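This is the structure I have questions about; it appears just below.
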Amino acid sequence: MKFDKPYILKEVASWIGGEPIGDASFEILGINEIHVVEPGDITFVDHPKYYKKALNSAASVVIINRKMDPPAGKALIYHTDPFVAYNSIVKRFSRFSPASDRISDSAEIGEGTVIQPGVFIGEHVKIGKNCVIHANVTLYHDVIIGDNVIIHSGTVIGADAFYFQKRADGYHKMISGGRVIIEDDVEIGANCTIDRGVSADTVIGKGTKLDNLIQIGHDTVIGKNCLFAAQVGVAGAVTIGDNVVLWGQVGVQKDLTIGDGAVVLGQSGVSSSLEGGKTYFGSPAKEAREKMKELVYVTRIPELLERMKKENTD
Amino acid sequence: MKFDKPYILKEVASWIGGEPIGDASFEILGINEIHVVEPGDITFVDHPKYYKKALNSAASVVIINRKMDPPAGKALIYHTDPFVAYNSIVKRFSRFSPASDRISDSAEIGEGTVIQPGVFIGEHVKIGKNCVIHANVTLYHDVIIGDNVIIHSGTVIGADAFYFQKRADGYHKMISGGRVIIEDDVEIGANCTIDRGVSADTVIGKGTKLDNLIQIGHDTVIGKNCLFAAQVGVAGAVTIGDNVVLWGQVGVQKDLTIGDGAVVLGQSGVSSSLEGGKTYFGSPAKEAREKMKELVYVTRIPELLERMKKENTD
Amino acid sequence: MKFDKPYILKEVASWIGGEPIGDASFEILGINEIHVVEPGDITFVDHPKYYKKALNSAASVVIINRKMDPPAGKALIYHTDPFVAYNSIVKRFSRFSPASDRISDSAEIGEGTVIQPGVFIGEHVKIGKNCVIHANVTLYHDVIIGDNVIIHSGTVIGADAFYFQKRADGYHKMISGGRVIIEDDVEIGANCTIDRGVSADTVIGKGTKLDNLIQIGHDTVIGKNCLFAAQVGVAGAVTIGDNVVLWGQVGVQKDLTIGDGAVVLGQSGVSSSLEGGKTYFGSPAKEAREKMKELVYVTRIPELLERMKKENTD
């Protein structure tokens, strides 16, 4: 997420009670996790195992729990608990606020768009032209919707990421500061859930169609003209190409990539990245032809057992 | 779906910019897809492969993209894009309209029925006697509910079918003109989704009980006294008999039939039609006894491998 | 469930048209099913197979369909249909009532708690301090929520148990009289469903985090600091320990126990109780290591078949 304006190192360090290391007037433009960080961003690292990755990333400033010289052209903020420090910055820029009305004053709604009764629209939501938002849909703050989008009843867009850090006293929540972007011509079925990004955006690409009861995790980016059948679940930080088809009740684990034109058959469980242009089946998912063969092989085990028994008798 | 009144061939052709072939005063009573078409209906066909099927179906009028003589007693409408023409007729008769109130003026609600806060009821909905519709339920237009029905919160009945035609420029939506019919004594859990038929009706039979988070696709017809556990997903155009039990997270593919009294164990994936009176398990689902045996066979492979290894050593 | 005050045997028998057997002034404190019954409770039994279990249970009074002497220190109520009699007592004490407002007068809401628009809160709901209840959440009556709890949009807490008795004329519903208890620091995702207990309580333990579209059945008790990913389904009367992790789309059958610290991998189907501290996979679920080995074994069947073929040729 980008800040509303640049802030200088000294000021950001003061928000979190950290110690700036480097030029006090160094400008910070936004905040992101390590895997989506961009130049100008601040990120954090709290384990020596990841120090090198963080310091060599695109981040301009790193919150870190060891004092050291910053890499060339970068700055650091020393803090004993970088996760807490990072979270408190995200929270400062998060635009959730208790609402008194069903449709926030800051929402922008395009011409020809129908908003049915019972819809909740949070702060800073933008909806394009000629959309239909059916009854009892919930759009949290900072959800951006294109033109000609249809969202069916009960669907919830922009709830928090399911993202926690386990500590001795239980799970600590990573605050979600990202957005959800729904591009033009998307249709989303009833009672779906599409979480906002933690620091980046969750994106549903142009022309993609989702059936009912589908889960899309935080920071997941789905391409154009995909088709997902009912009860599909996609975890967080997944990247899905264009023209991908996921049949009913497919599950996709976090951090994976699925290539353009892949087809995943019903109830499959995707536990590793998939090349595009192929058809997959099974839990864990394999190429469907291979999996289908395995299903036949299993039915031939009795022959093998019979043979073994016979040999033992001979 | 039936029209509000009969329309003549000439008039219907003029709506869609098509060319009537046959008696201009030929009467058309309704519109349906090929597999549910009835005498008096208009249907469409856009691929030569299906011409014969459409022309020999019960349809009285066929929208077709080739000029030819109509079969005896029937009429045709020539149109270069029958899918688009068909869709535009359905749309003309679809009764969805933007609502200003949570309960439409045209809704009929029976004596003794409780409607909790936050419920949305669309146009032309009928609800029988002594029902309870819990908070935040959504009933789209043209949903028909019998007596003594209980619908739990968050459930959405009558959203559009998930039915698209793939074209060069992306997915084109088949407009849903059918209804949902919920018969007497049905109970539906929380956050379920039951889609309307595309041209016919989605039906939940008398006395059937659905748990939470269940998906029922368009045009699916479910018999009497069935029991479906939570998170079951049934695709479109499925026919399920009476007294069928589907345990949790079962998935059923489209266009299949499940016979009376079938039992499908948890997480099974039904990919072909099932005979009644038997118990099934697995993904894809088989008779449970057979599947259970296979699960045991697999555990005996190490013995077989051991034997082979020993033979190779000998 | 406990009654609002003690009632005497004679009075309770009169409610249901039953015949009291024992001291007419015997006090009854509450009502529960056989497996959760406590001293002072009334329960029921309608099949000779279970007479002994019911009469030897902690129950102080048993509704039974055979006349006999009560065990020492207990009383009976003779009734020809104990299930119906039991249900009618539960119904008498159930606190569901048609609501005119979105937030009931009897609800208690703690300091610092945010209730977003469109939330429904039934009778006798208690919500602690510093909670956030997001838009369009539904809390049925008798839901008890601790401090610092977050509930995301569309979630439904306290719907009826999915619990029916099959009879010649169809399914008869077991009336749900229990509660739901959500302890401190719990976060529940969007569009989840958590059913109330039939006679006891459904409990989500302190610090537990649920993702979206999760189903938790009636009377299920979940420990502290558990983590359940999206689309998990847990049936009724399940007992889950502390620090249990269920990955996405896992299903758990009814009446089972899962020990502390167990981890169940995605899409697994738990069909028997699981020891704590281990990792499980598959449908049905086994220890993950074992299951992973089986998946490899299956890929070696072709070698075995090849060998058999060769032997047959030799």
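To keep things simple, chains are lettered A, B and C as they appear, and every chain counts its residues starting from 1.
In the analysis below, a residue touches a chain if its C-beta (ideal position, glycine included) is under 8 Å from a C-beta of that chain, and two chains touch if they have at least 3 such contacts.
Bear in mind the structure is a predicted one, so any value in this text is a computation, not a measurement.
K.L.:
Please categorise the chain-chain contact pattern as a line, ring, star, complete graph or other.
P.N.:
Contact map by chain: complete.
K.L.:
Is the contact between copies chain B and chain C built from the same residues on both sides or from different ones, judged by whether over half of the numbers are shared?
P.N.:
Counting shared over all numbers used gives less than one half: different.
K.L.:
Suppose a student superposes the Cα atoms of chain A on chain B; what rotation angle should they report, nearest 5 degrees?
P.N.:
So the copies are related by a turn of 120 degrees.
K.L.:
Please work out the Cα centroid separation of chain B and chain C, and write it as a whole number of Å.
P.N.:
The separation of the two C-alpha centroids amounts to 32 Å.
K.L.:
Please output the residue numbers of chain A that touch at least 2 other chains, ranges allowed.
P.N.:
Residue numbers touching two or more other chains: 118, 136, 154, 191, 213, 231, 249, 267, 283, 298, 301, 304.
K.L.:
For the complex, which residues does chain C have touching chain A?
P.N.:
114, 116-118, 134-136, 150, 152-154, 185, 187, 189-191, 206-207, 209, 211-213, 224-225, 227, 229-231, 248-249, 266-267, 283, 295, 298-299, 301-302, 304-305, 308, 311
K.L.:
For chain A, which residues are in contact with chain C within the complex?
P.N.:
Result: residues 98-102, 118, 120, 122, 136, 138, 140, 154-156, 159-160, 162, 164, 170-171, 173, 191-193, 195, 213, 215, 217, 231, 233, 235, 249, 251, 253, 267, 269, 271, 283-284, 294, 297-298, 300-301, 303-304, 307 of chain A touch chain C.
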